[in-house]
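Each of the next two complexes has chain A plus one more chain, namely chain B in the first and chain C in the second.
== the complex of A and B ==
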């Protein structure tokens, strides 16, 4: 991919111009589905947009020194990394891409979580530091499963290139890996039952506790873009390419909406797990899943 | 008024995030404030979200007749809320210190300490009155042009002329 298409993909489709409204839509669906499950009417359509504009118009506290500059930088880095991850998604039929862009995508999807950890520590708030420590533990526990599942998908198709993975016909083993990724998504997006880092009843909002105004708006946007990147990765790998473009588009939209709804409903229906239960869940239950996925793909590869 | 300002005002009206502060309340008003967020009254229809951090909030909801212990905390929390901000005094206690008026541990009422925008009278007020008070405060926020307004007009829900309930 040359520079022009890369820029177009980052800024227009599926990058910022497309992804920001989509992120607001996903955040709205998340809140609305929780409200409907609780028999409420819930926020009006476009509520995340209103929140975003309002937060931009608010003042931010003065942050002197190097720490202040860093605190302002973390949400910017998080937003640009997650927007870059969305830009790499293989949604276009002539995607381009390059060898190893799956690795870049996985790395970019990690950066917002790492930014959140350091942001909590730079805020020097007690609640922020507790939230960051929890986020770090969560990152260690779910990432092993997440990366093993991604590697198993790549191994089954002999390629780390997203375009090759998206256009190849999916094997049953790939779905095993995709299910493992899906189990990791709630932890990646910090929604219930894995909302430990931003547990609002215990530690206020964790690493975000000192953020206000424009910076908080950027954090929310980064959260929405993480939704798009995570759900988009699963959906583009799960839908096999067909002869008709409109069938692909409809399939991607439908499955994406279904996944967002499913994750939101699970979040509304469950309570928050303690940190030791979360770690045990990922290390005992889903690690077996991921190991199964990668060992079967390796075996299938040896046989063929 | 430019297009951006109009959009900003509309968004401020539609997304009031509140922070709840108890300054020595008997818990009656606190329960009613939580009740206004429950499915029956559902304040989220107006975009109201209860925030855990005062940094995220636009509207400070204060209950209770300000006690000596709570007064410094009120000043701290009021300064932590980023502008533009509004204050809603929930219940009769922050408005007039109510039945605790001659207590020696009180330094209230609330408007001796921070500027109050909306009073919601009642002991305790009904949840729908609280929702209405928050909506009135959101309207005040939308009309407030400057970013860090400290002087604010005093209005009451019961008496829009501004008289204390």
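== the complex of A and C ==
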């Protein structure tokens, strides 16, 4: 991948120019579907975009005793990292990417969560610190499973290159790993039942409590881009490549929509879990699943 | 798994909420904006005394007094209406209109003070009062 291709992927497709409207669309679909399941009318089409514009127009109130530069830096880093992760997705059957870009993608997908943790502590708010502590524990809980699943997928195809993984014929072990990633997605996206770091009613959105205006708009955009990166990773690895580009595009869009709806239904159907229950869920129930995925993959590799 | 059945029922029943600016019909006894009838007011200032939200202000100067009402501060408790012996205050039975500035619905009246009517007689029509209404 040369510099021009990398820039085009970051800024145009599947990067910022494509991913930002897609992020608003996904956020709208999630909010609307949850609302319809709760017998509410829900937000009109394009509401996340209007929210973004409204927040841009609002000023940030003074926060005495808080480092303003740090507070402004975290959402910017989060948006950049999320956009970079989306830019790395192998959505086009081109020869982009580089050896080991899966590792970079996983690292970029972690940065927004880490930014959220430090933003909560930077805000010097009690609610922000509680939310950050919860986010840190949640990060440790689901990441073991998430990373094991990603590694199992990479090992099953003998490559850490996303393009190679997307174009290779999927094995059953890959789907085992993808299911483990899917179980981690609600926690990664902070939706119910794993919405405890940004619990609105308990801790006033946790790390976001001191944010307003343009900075809050950036956080919301980063959240939308995380949706695109997470769902996009699963979809691009789940759909086997076909001879027709339009068939691939239709498959990606259909499966992506299906995933967003499935996560929204889970969010509407469940209540927020406590932190100890969340940790137990990932470390006791789901970890066995991820270990099974990676051990089976390693065994199959040794046999071959 | 019962929750999934419940969600499915919700989806099939359709939405129960309304899109703004649609609103459900008001219930009986709904307390909306306070309306002032300058013809009935005697300037006793009981409404100002009873208004804990300080939405009603009352300034007396000589034989004149100014009564003002700021809905942006009003909690619509209705205590001013209950306490008005001259029945100069009433409340709307519908939602207040949407306003974009804090004092858009503020009303004020400057009136000539008059003596309250005897209790046995009904309140006068208020033709003698000179009232001036201004919206700020």
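Assume the second predicted complex is superposed on the first by the 299 of 304 C-alpha atoms of A that agree within 3 Å, B and C clash if a C-alpha of one lies under 4 Å from a C-alpha of the other, contacts with A are read in each partner's own complex, and residues count from 1 in each chain.
The criterion applied here is as follows: a residue touches a chain if its C-beta (ideal position, glycine included) is under 8 Å from a C-beta of that chain, and two chains touch if they have at least 3 such contacts.
Quantities reported herein were computed from a predicted structural model and do not represent experimental measurements.
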item: Three-chain arrangement built on chain A, chain B and chain C clash or fit; value: clash
item: First, second, both or neither for A:265, with chain B first and chain C second; value: second
item: Which superposed partner A:205 touches (first chain B, second chain C, both, neither); value: first
item: Touching partner for A:59 - first (chain B), second (chain C), both, neither; value: first
item: First, second, both or neither for A:216, with chain B first and chain C second; value: first
item: First, second, both or neither for A:44, with chain B first and chain C second; value: both
item: Contacts of A:299 with chain B and chain C, given as first, second, both or neither; value: neither
item: Partner chain(s) touched by A:249 [first = chain B, second = chain C, both, neither]; value: neither
item: Greater residue coverage of chain A in the superposed arrangement, chain B or chain C; value: B
item: Partner chain(s) touched by A:36 [first = chain B, second = chain C, both, neither]; value: second
item: Contact residues of chain A, present in both the chain B and the chain C interface; value: 35, 38-42, 44
item: Residue numbers on chain A that touch chain B, as the complex places them; value: 31, 35, 38-44, 47, 49-51, 53-54, 56-61, 127, 200-201, 204-205, 208-213, 216
item: Touch list for chain B against partner chain A, complex; value: 7-8, 10-12, 14-15, 17, 39, 42, 44-45, 47, 51-53, 55-56, 58, 80, 82-84, 147-148
item: Complex interface listing, chain C residues touching chain A; value: 3-4, 7, 10-11, 13-19
item: In the complex with chain C, residue positions of chain A that touch it; value: 35-42, 44, 265, 268-270
